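A short worksheet on the structure shown next.
So that you can tell them apart, the chains are marked A, B, C, D and E in the order they are listed, and the count of residues begins at 1 in each.
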Amino acid sequence: MSILKIDNLTKRFGGLTAVDHVSLEVNEGEILGLIGPNGSGKTTIFNLINSYYPVSSGTITFNGHDITHMPTNRIAKLGIGRTFQVVKPLKRLSVIENIMVGAFAREKTFSGARKVATEVLEFCHLDGVAKMKAGSLPIAGRKRLEIAKALATRPLLLLLDETAAGLNPTELVQAISIIKNIRTELGITIVIVEHIMRVIMTISDRIHAIAQGATIAEGTPAEVSVDPATIAAYLGSDFKAENRPDA
Amino acid sequence: MLKIDHVDMGYGDLQVLWDISFEVSQGEIVVLVGANGAGKSSVLRTISNIVPATKGNITFNGLELTQAQPLEIIENGVIHVPEGRLLFNEMSVEENLIMGSLSSQAKPHRKQSLEYCYDLFPRLRERRTQMAGTLSGGEQQMVAVARGLMAKPKVLMLDEPSLGLAPILVQEIFEIAQAVNQEGITILLVEQNVRQTLAFCHRAYVIENGRITKTGTGQELLNDGYVREAFLGI
Amino acid sequence: METFVQTLVSGILIGGLYAIIGIGMTLIMGVLNIINLAHGQILMLSMYITWVLWTYFGIDPYIAIFITIPIVFFIAEGISKFLLHPLMGKDSILPENQVLMTVGIGMVLVELARVIFSSDYKSVQTSYTNKSWYLGTISFNTPLTIAFIISIIMTVGLFLFLTKTDTGRSVRATAQDKSAAALMGISTGKITVLTYGLGSALDAAAGSLLLPIYYLYPDVGPLFTVKAFVITILGGLGSTVGAIFGGLILGLAETFGATYISMGYRDAIGLIIFLLVLVFFPGGLKRFTKV
Amino acid sequence: MKKYLLLEKREWIILGGAALAPWIFGFSPYFQGLLILVLMWVVLGNSWNLLAGYTGQVSFGHAAFFGIGAYAAAIPYHHFKISPWWGLLTGGLAAVILGYFLGKLVFRLRGPYFALGTLASGEILRLLFGEEEWLTNGHNGILYMTTFISKIPYYYLILFIAMGSLVAVKVIMKSKLGFYFLSIREDQEAAEALGIDTTKYKNIALAISSFFAGLAGAFYMIYMGFVDPEVVFALHNISILTILVGIIGGVGTIWGPAVGALIMVFIQELFRSSFFGVGPQWVSQLHSLVFGALVVVMILYLAGGVVGDWDIIRKKFGKKRVEGQG
Amino acid sequence: MKRIIAISFALFMLLNLIGCAKDDNSSIKIGVLLPLTGAMAKFGEMEKNSFELARIEINAAGGVKGRDLVFVYEDDTGKPDVGRMGMEKLITVDKVPMITGGYSSSVTFAAAQVAQKYRVPFLVNTGSVDKITEPESFDLKISDADKFYIYRLNPPVSEYASGLEGFLKNLASVETAIIFHENTTFGTNGAKAFAISCERLGIEVFEIDSYTEGTVDFKPLLLKVKEQKPDLVYMISYVMDAALLMKQSKELRLSPKLFVGAGAGYTMPAYRENAGIASEKTISATLWHQSLPVPGATDYYNAYIAKYDDKSPPDYHGVEAYAAAYVVKDAIERAQDFKSASIKTALDGTDMMTAFGPVKFIAYDAKINQNKMETYVVQWINGNLELIWPKHLAKVEAVYPIDWNAEWK
């Protein structure tokens, strides 16, 4: 069952085609990895899914709703949560307040939101810093807060944009376990953009590779990494150095 | 020539670089490779003293860069071509190039430098009056590199010049880098595009989480199992 | 027909004067990215300086420009350096803190003027203040014509400065991309401070040009602050050529509105155009002029 | 920090003090008048603070709402001799309606452009109300003989409104609405991604804000018995002073506008009256100068305002006092 | 937070003490409400100077009932709300038995309400909007003179042009007119009043048009004159706008039969100074002129110039204040005691001569406690402001008709 279906999605900025007729499907309960070199259009695809940019052509269907031209907040209400590559904490609010803002999407009352927020705090291992101002969190905390805020909205689908970048090995392990838990414990479908190959190859069920805004390969991690087209067109020319946790 | 010695750097309470040390010698092409957010660009920003180092020394031909004004650094020939090009979009190509030659040491040669750049990038000569913001990505990257060259660099620091470019253009940019190097300009390159850069560089450093974790010649690293595995993910 | 032509002439002449007030603002707003609510007060300040020069030293306002400009430039540099620049890095809830600072500065300037010069109206009477020349039956006010010519000259001068000199290019570069400018070795802090001074110096020229036409009292400023906004938004931020056209359009719109709609709505017309441009054509005329 | 009916104990003490204030100080109608003015600015300040301080939409045109509120009380009186007291019902409402339409226009703008847009809106209304004499009596303004000689009824009325605005802000900021406002202030894009209809919530913030500003305007009409477009739609004397009240007291704090209003009214009056007639006459010339200088110094050194930067102030001055007491 | 409360409490108490501290029997304090700062401070200053001039003269001559006369000035800053507050302070803190002053119409009216409420006589000397002395606007009736505490020395704005009416009827023959006015209370009411005068005189009014104070370019307005060619242009403006209007009229070579100003700006030396030759032969209504054969008029004028500044001589605003000071003295002297009620009774009986002219508070039309007086017409002739109407007082012959081309050479 596909929860998100992207059909011939195209985005042009002036003369530049940032996303070029990309079609992809995300099945309920899976983790889909979206890979591609820097500037290949991954974040743009996220920005199109939740309507930060207007779509030039193509359609996006989520859970049976056509969300191509729906405003961002309604898409979020429908159940797509996302994180930002450049984290966007609500700086002058405390960590728990940040998460409560997300929780209010489904909760009407203060106490209800607080309850949800407390659960999410624990889930993302943020309970120790609940009262801290979000602006003064270290990077790892901010990345987790980003996930926590999105989780608090109780999404059906979570778009994770480079949540592991800039983390040290221990933090990375923690982040991976959180992401895995999101699927196993909360049953939330995930689309993840990540540069750290190890991360994406180990947690993804399927991989969708793009370069220059266009799809170049799709399949299981094993398939994609041996796909001749990928190696030739993508891995071959855009060879990537990877970060990896020191074992 | 350029010596980075036990440098720490951070923004506020967030430490980004940890005890970075490396050296670049005259005429070399040195590459810093690493994932997004590993701190590669921060190294360059620290060298240009846009963000001050919190610890350690950076010297260039004996000049202490951590104590120098940004303009002083430029005048001494340490030139930074930033990630994402950072062109002045509402200025013409030529004006963008001129902006590269503000320093007292580059200004007298402005005319020759312009000619030199136009010879290197004939396409820019055609588009000299066009607004930089209206150029294609590859052309913009050319302007960025050319703008760096206008400053009469001794060391040219290129931050991800391949960003968002089609493979054919990436090839072209790297060829230009090599050509510039042939002219005697030292190059410090930051790249994610490991295979191609490692293939032509003299030496490389791998940066992870703000620390240097591996070093060697390009070929050594290309053959290194660790690097191969990390990049392929299998 | 005569009314129409005369209205046109008046509109253009007054528009030239507006333009030079607007250019300073457009420079400041473009580079510093703040709304300078003290712009009119700086104008007031320069008018007082010009007035003092005329009254006590007998220096003609058009010559006084050369004295007023540097004085105002240095005062503005001080304001920018010690009052506005320190706010740049400060984290505060309102990003508009610098704007509010200009409000405070404006209040202080007005009240200082009131303490020093009292609230009396001041004006200068020179041999040419009441002169005008004629083309057929159409009259051209002499000081306004001079102001118009000087403002064109100054705009061209500013345009050349911004496009042909390194400092000028640095100003534009800073306006477009601060971090890129810093990489070029430009001290963006210094450029910002300089730009405020430069914008205010243009304002000062406007003050000297305005004095023979108009009159002076401590509260004269806000009227022109609002006009400067309108021109800036109309012409597009940081656009000198845009400011000229913005000034002319405002002058013409006001004058035609006043002639053919109602004099009482004169100021409202400018503001309504302003609001419409702000909301529906962000970028103003800059789209067409590019500079 | 026990709470009794929405407020903390010390807040009740302050309100109690405020309720007794006109009686404590010698029944002097002059001082009562000053207090009324303070409270009116508290309402305006609170109104602005909700929109600017908490929602991040810095309005430079709050006079529009204040003025429309005042005219909502005045126009029916002018044409039909309907008591301006009805303005307490219609004033806020009229301001909300105006806010609805203005919001459609100005919420397309962000940051400094929003500020400019609101500024222009306020100014356009001022000109409009001055010109449309058939409706507003133009620059003659509308006058009416106020109902009470005593200040006391007005004092309690405005105290009630000020309290209402304070409690409203406090309650809102502890609810979903408040959280949404804050998130819009902090990061509009992040807020959208969390499912917040930012346009809708900005409009709600504007509606509440304009309601109280309109109410303050209606009160002004009832209390002063006089409106004129130059007074109630004034850019400097209403719109900008409202902002300065917020800045001095502390933007985005519950008690900031109250403290700011107190400071502004008393400093201005202190100087305007030459230290209440004790000082030399020329001091009165300085009242605006001193206030302007205060604004400059505050923004430079205490950008959070007296309440927002209370900790800094206490550190600087508090210690000495403790030693002195010891 | 507690400290704040404590400090503010202490402040309040201190202020209260200050407010109550002063009381002595050697002087009599009278309140004066004037704009001493803000845009209208120039006129406020002129009036304050005149009050002080009168005070010094009065005290030098033995004061009032053996006490020194003291004026307590309150700055209304040109804003009605501040004016009200100042008024309250005068009444409740300074506890003055009577108040005078009142410059701008809107402030004066707002302040008058306070005086009426507290039943403290308020002698208005400049605020000119009609309703100030109309009991109806204070919810009173014409018959309520004993409850009405507002008095006015100067004529209401509707009568500013009364002298002009006579002039137009007898000396100049005009059939059509255009009226320009600043869009203030003073301006709009003056324009309406003159339109009514025109109706009485059978003059057709082409257009009544307003402008905002501080306009730079009046040409759109003046072009209407060029198009419609009225015989008379009537203008209600303060001094700088007046000068600009005339300068630009000259520039456009307008040639109506008459340019007439409605007092205010058109009689001030600054008008002549700024408009230069363009002011020549313009006519204005005025409430006063120093050459009037009124005892004390010239003396006041000379004394003012001698004491203050010969560069900005006083106009009718100044003499209004000066005269008000003498009316105050007269009333207090006749009053039984220093209480407000007694002073009111004394004011009712005022019938005296001042440098401004005769003062007597009477009831007529919808007004009570209003001093009814003649107004005058002046003309700038060879750079001097000369009285040209009423004819029996005029020392100089009016210049009419006027050849503008010759005048403006």
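Everything that follows uses one rule, which is that a residue touches a chain if its C-beta (ideal position, glycine included) is under 8 Å from a C-beta of that chain, and two chains touch if they have at least 3 such contacts.
Since the structure is predicted, the reported quantities are computational estimates derived from the model, not experimental observations.
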Separation of subunit E from subunit B in steps, with touching chains one step apart: 2
Farthest chain relative to subunit D (centres taken as mean CA coordinates): B
Contact-richer chain pair (by C-beta pairs counted) among A-D and D-E: D-E
Most remote chain, CA-based centroid, reference being subunit C: A
Subunit A-subunit B separation of Cα centroids, rounded to whole Å: 30
Cα-centroid distance, subunit A relative to subunit C, in whole angstrom: 49
Inter-chain centre distance, subunit B versus subunit D - centres from mean C-alpha coordinates, in Å: 54
Centroid distance [mean C-alpha coordinates] between subunit E and subunit C, Å: 36
For subunit C, residues that touch 2 or more chains besides their own: 93, 114, 262, 264, 267
Sequence positions of subunit E contacting 2 or more other chains: 37, 183, 210, 212
Sequence positions of subunit A contacting 2 or more other chains: 92
Of all residues in subunit C, those that touch subunit B in their complex: 163, 166, 169-170, 172-173, 176-177, 179-187, 290
In the complex with subunit D, residue positions of subunit C that touch it: 33-35, 83, 86-87, 90, 92-97, 99-101, 103-108, 110-112, 114-115, 222, 226, 229, 233, 262, 264-265, 267-268, 271-272, 274-275, 278-279, 282
Sites on subunit B touched by subunit A in the complex: 13-14, 33-38, 134, 136-137, 160, 162-167, 170-171, 191-196, 198, 206, 208-209, 213, 226-227, 229-234
Footprint of subunit E on subunit C - complex, ascending: 2-3, 6-7, 10, 14, 17, 114, 118-121, 123, 125, 129-130, 132, 137, 139, 141, 213-215, 217, 219-220, 223, 254-256, 258-259, 262-264, 266-267
Touching residues (chain side subunit B, partner subunit C) in the complex: 48, 50, 69-71, 73-75, 80, 82, 86-91, 95, 98-100, 102-103, 107, 131, 147
